[in-house]
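Right after this note come the structures.
Common to both upcoming complexes is subunit A, partnered first by subunit B, then by subunit C.
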Partner chain A sequence: MRYFLRRLGHAFLMLIGVSLLSFFFTTLAPGNYLDEMRLDPQIAPETLAALRAQYQLDQPLPVRYVSWLNSLIHGKMGFSFAYNSPVAPLLMVRARNTLLLTIIATLFAWGLALPLGVWSAEHLGRLPDRLLSWGTAVGLVLPDLALALGLLLLAVKTGWLPPGGMVSVDFESFSLLHKLGDLLQHMILPVAALVLSSLPLLVRHVRAAVADVLGAPFLVAAKGHGIPKRRLLYHYALRAAANPLISLFGFSVGTLLSGSLLVEVVMSWPGLGPFLLEAILARDLYVVIGGVLLSTLFLLGGNFLADVFLYWADPRIRKENGAG
Partner chain B sequence: MRTARAKVHPRRNLPSLLMVLGVVSAPLFAGHPQPKNPKEEFLVMPGEIGHSGGRLVVSLRGEPKTLNPLIAADSRSREVIGVMQADLVHINRATQLTEPALAKSWRISANGLTYTLTLRQGLKFSDGQPLDADDVLFTFRVYLDENVHAPQRDLLIVGGKPISVRKADAQTIVFQLSKPYGVGERLFDGLAILPRHLLEKPYQEGKLGQIGAAPNQWAGLGPFRLKEYVAGQRLVLERNPYYWKADTKGNRLPYLDELIFVFVPNADAQVLKFQSGETDLISQVGAENFSVLSRQPRGYTMVDAGPGLEYNFLFFNLNDAGEKSSPEVLRKRKWFREVKFRQAVSAAADREAIVRLVYQGRGTPLWGLVTPGNKRWGNAVMPHPARSLDRARALLREAGFSWRDEPGGETALFDSDGKPVEFSILTSSSNADRSKMAALIQDDLKQLGMRVQVVPLEFRSLLDRVTQTKDYDACVMGIVSFDADPNSDINVWLSSGGTHLWNPSQTHPATAWEAEMDRLIEEQMSARTFTERKKLYDRAQEILAENQPLIFLASPDILVGAKNTVGNFHPAVLEPYVLWNAEQLYLKNVPESASR
Partner chain C sequence: MTRRVLTRWLIVLLGLHGLVVCAGFFSPYNPAEQDRNHVYLPPQLLHLVDPTGHLHFRPFVYPWKLRPDTPDLREEDTAHPLPLRFFVNGAHYRLLGVFPARLHLFGGEDTRICLLGTDAYGRDQFSRFLYGGQISLLAGFLGAALTLLLGTLVGSVAGYFGGLIDDALMRFAELFLALPWLYLLFALRAFLPLAVSPLKAFFLIIGVIGAVGWARPGRLIRGVVLSAKERDFVRAARGFGATDRYLLWNHVLPETRGVILTQAAILIPQFVLAEMTLSFLGLGVPEPVPSWGNLLSNLQQYSVLVSYWWMYLPALLMVPFFLGYLGLASSLQERTETYMIERRSLGGVT
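Take a look at the complex of A and B:
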């Protein structure tokens, strides 16, 4: 229990730190939200000054931070200048879409990486392993952006899949089953882009971790006892190799999330990606800070989940904490 | 009293002109089961008769930030609001002239200070509630309220005083200006008339800014009204059954049942959606995408609507450097303030090459601020000198510059103090066209021996440098005018203007020619006739061409496209390019039986 509490404490401190830093960095960026309005010949300087005061852009940083914290406590996370509305509800709708994409991509990526990695480790140094190694090397080299664009191009050229977006225009008129099908159809491309971009790294790690333990004496012994190969690999070898992989899991949530922001922009997925990009360019700073905070939260969530797995998989951690 | 009846110049023929001016009293059709209102005065629109029904899908580059016209400041919001709201007097995007809208006619007093507008009979908001003069009074009270921060407020301050509004009777409103204004009726364009019955209470409570446009929160007078809004994804508008325009057969407009905006994050996604047939219309296409889309059109047609109202230009930093500046900055400002230096740069700029290479030929070289897309305000006698390096060299020589051979075999330009001429040009990194322009100019100026660096900056950072810190040498930028009338860009030309880019917000005009510009612009604002105004404005254009504070480069064409099934598609060169006649757009492939 203390183990988890300590982890939560770390997470909390991390969030405070991230919010302070993102506050600081967004103010360092030159220009502010009103600059583009300033360029509009029809808007008078007096109106801009009034807006500046209304948005508290004329206040010192600590004052703004405190009033932002206050609005965070009230569940608003500050105020979006562009949307003229509290940030939290704006972010939540988009965060839901991003989470949907990231969770499914995470499941697929690991669901594929584990068997592929184990298979590759089993045939270490032989042809299947070599082919897979080449394949993953190509995947690693390919930039995410090129991958996403390539997939999109394929979809448009063939007309098999919709060119981006999350649902069809007629979505509301569909039956429940049809809605689900429509959503899945739209998800194929972005999920494929995410999975393909993270898979190679995961496969390589699984392969290395499993290969490491395959030669261990306890496995040779187990083999001698006539335990079937499949059980040997997945029950004994993978379990022994789990520790570094679980840590990698927490990390992979982070990479998938950041990859997702990019893929979303390319594939018009209505998640945090396009939303944050626009907010950054427009200097809608509370939206940017809110987005950064939310991403940090997801990342911490992934890591926390990894900790839980680790606790469950590795008796040593349980022992250590139970004793201390 | 002089009567200024609606001036309408339809592009077709005389009968349609009569139709526009004529008031038809609601001949209602079998297909339109609406309560008969004998007093309803339709505005009759000339054009092809379409059929009802169907929906049109359009993509928007990014999400509209709000549907509330009082706070909308971004172009996407304005585009959507444009089809949901209506104004008293409207600028026809095709003819660029004003025409009656909610006001069926207006009178201007002999001294030009009083505007009397008469509302159409039987007008209703999209929720079915009637509109009268009180709604108009309320609307102007709200726009003029300082606490509302409506961006349009400043347009309603004429001669330093807000225009005053009073009601003569239920259908007649009188506007009083403190100073004559050249085109008073143009002020009304784009000012959405607000529903008092819904907004009075939030206004009293000071919550007007938080109102979105949910069906129960807002009602408009435009052809479409809100049906559904899915954050981050799409906006579904439906036909406003109370709309006040009809076609020449008396069918109530709009034809379409639904107009759907889908939000995409960038221009390329817009192109993909259009190419795959998911959207029906596309506008603001870049030249490269335009040629890709034109290569193999699948059931759609791409249209080059001709030059628009965007002018791109290079300008030098003419701000007072201040005494504490470094000698290097002072030296540069001295060059930039030398009019012959600016004229030389202008002479060396290869505008034809910009049009050819940046816009793939789909643009026009520019020598003045009035683009060829503007039908009435260009100065016809202004010279369009061809590129001439010889003339540029002669001008530089006269200004005391000289050339010396560098060790590398290149010839470099030096000023009268023997310092090499080197400076940088800022451009927005997100605008590929302007970055290319800057690169071409860099090359042109190299031929004069100037060493120029192009510095792409993220747009807000660039604005910060130009308008706030004033720490830059030169910059390539562009402005898109909202209106063909020069009054929309006044703050660019007045020396006191905040967008007088090269030296903004001056307390006193820094130069004699800027003082002269101020005088001309102020005078044309209050001049009463077009000829008078045009004369003053022509002179202003000449002064700009002489002094080159902005070195005009080129204007891109408005490139759009539509599926072949879209009827009444007549793109304009003013925003909104393809949706300005949204109420008349229809689908040719909707079977008659399927219509309402």
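Take a look at the complex of A and C:
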């Protein structure tokens, strides 16, 4: 228990650090959201000054940080200049869309990577393994951008799938079932891009981890006992190879919010990625800080999840950290 | 074995980079030269056999003509083949940015030959790809150099001196590791001026990339330094009265060479991708300077995606570069590992 508390405390300090760091960067920024307004002759200087005071842009950094912390506690995460509303609800809608995409993609990726990696390790050095190694190498060197654009190009050329977006224009008029179908149809492309871009690395890790334990004496013994190959591979070998994979899974969970940024922008999926890009271009500072903080929270959460799983899966770690 | 593989990948990479570094020679035209009469021309395929079935030793292309009674569909005009000329004089350029020259590997006689087609301004995509590589690869190189410099500095100081400095630096590094790096890149870019000249934008990007990436190599280098400073020969040298500076420079840092080289092979393509991403999204090197990112950025328009598929071709041409770096990184990694294992088995107790 103390182990987890220490971990949580560490993560909390980390979040404070990240928020401080983002705030520090904002002071380096030349100009702010109001600069654009200043060029507009229709807006009086008094109005601008009032807005500056309202957004606290005239306050020194520590004051702004404290008042931002205050709004964080109240669940607002600061104020968006462009949307004229608290940041948190805006982020939540976008984060939901992103998660819808990435959770499904992550499940698919792991569901494919585990059997493929085990299969590859089983045939280590032989033809299937070699083919798969080449396949993953191609996947690794194809830039995510090229992959996403290529899939989009394919969809546009063949007309099989809708070219981006999350729902059709007349989505609201559809029946419930039709809505679901429409959503799924729009999801195929971005999910495919995400799965294909993360799969090669996952397969390689699974293969390496399983190949590491395949020669172990206990597996030879188990084989000698006539335990079927499937059970041997998935029940014994995979379990012994689990530790690095659990850490990797934690990382997968951690990048749920941040990993799909490029794909979202390319396929115009209304997730966190395009939202953040827009905010950057508009200098909507608190939205940027909120987005960075939220994705950091996920990354830390993913690491924490991996720690919990490791603790649960590996008796050595349990023993090391007190409780038995 | 690994040595031979390593050399092979190095040769591949050298060749590819040679193409980009000497872009002026290998590309037939100036990347900024516009031709508003030939906008969005499809790629011209190199032919060796003409319609009558005769084989020619000099490759030739067909010019594009509008298909009769269509407004915008083109077809090859097989009646007027354009032979490729080699080593022709053309647009002026500076080789390696220094030597003025006008010799090009190939070119057309009086009509332009665009192997990858042309873009919205009628600029030759092939030339833009090669020149764009200069920007993107240089950004990758300089970004990696800056990152490794920072990483080595932090890693060696933290590892060598230990104690409070070590703790403070490593906590700081963890902060940077905790942030999703593409977001960090974005955030940092967000807080810097948006509309800048291409040259300034270029150095801005390198600065941002370098500032974001130092934590990982820093940690790795710290680990190597940590074990290197306890080696027997280092201890002996210290016993003879060597100063910290001497020890770091002559005994400890040379040990990190393998890690630094491997990291460079991993970081360079990663940073090329970072530059591409930023430029693709319009946060990086702006037009009219070509870079691999903004070469692809017009694919964000639906109409381009639908009608001009060849704008995607540069994305595929980049793949060999990344393949080369992947090969280099994995063979370097293998070499460093075997080297470590050898030394351990030779009885390096520490």
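Worth a mention:
As a convention for this text, the second predicted complex is superposed on the first by the 307 of 324 C-alpha atoms of A that agree within 3 Å, B and C clash if a C-alpha of one lies under 4 Å from a C-alpha of the other, contacts with A are read in each partner's own complex, and residues count from 1 in each chain.
We take it that a contact is a pair of C-beta atoms (placed from the backbone, for glycine too) under 8 Å apart; a residue touches a chain by one contact, two chains touch by 3 or more.
Keep in mind that what you see is a predicted model, and the values were worked out from it rather than measured.
In the superposition on chain A, A:Leu39 makes contact with subunit B only, while subunit C stays out of contact range. After overlaying the two complexes on the shared chain, residue contacts for A:Pro163 are found with subunit B and with subunit C alike.
By the document's definition of touching, both partners, subunit B and subunit C, reach A:Leu277. Shared-chain residue A:Val93: touches subunit B; no touch with subunit C.
With both structures placed on the common chain, the touch criterion links A:His205 to neither subunit B nor subunit C.
Once the two complexes are laid over each other on the shared chain, residue contacts for A:Val265 go to subunit B and to subunit C alike. Contact with subunit C, but none with subunit B, is seen for A:Val292 once the two complexes are overlaid on the shared chain. By the touch criterion stated above, A:Leu152 is placed in contact with subunit B and with subunit C alike. Annotation: subunit A residues 29-31, 152, 156, 163, 265-266, 277, 281, 283 touch subunit B in one complex and subunit C in the other.
The residues of subunit B lying in touch with subunit A in their complex are 57, 62-63, 65-66, 68, 71, 73-74, 146, 149, 151-155, 157, 209-210, 228, 231-234, 236, 260, 262-266, 269, 272-273, 275-276, 278, 430, 458-465, 467-468, 479, 482, 488-492, 497-499, 505.
For subunit A in complex with subunit C, the touching residues are 14, 17-18, 21-22, 25-26, 28-31, 137, 140-146, 149-150, 152-153, 156-157, 163, 254-255, 257-259, 261-262, 265-266, 276-277, 279-281, 283, 285, 288-289, 291-292, 295-296, 299-300. For subunit C in complex with subunit A, the touching residues are 171, 174-175, 178-180, 182-184, 186-194, 273, 276-277, 280-283, 293, 296, 299-300, 302, 305-306, 309, 312, 315-316, 318-319, 322-323, 326. Contact residues on subunit A toward subunit B in their complex (touch as defined above): 29-32, 35-48, 50-51, 54, 82-85, 90, 93-94, 97, 152, 156, 159, 162-167, 169, 172, 264-268, 270-271, 273-275, 277-278, 281-283.
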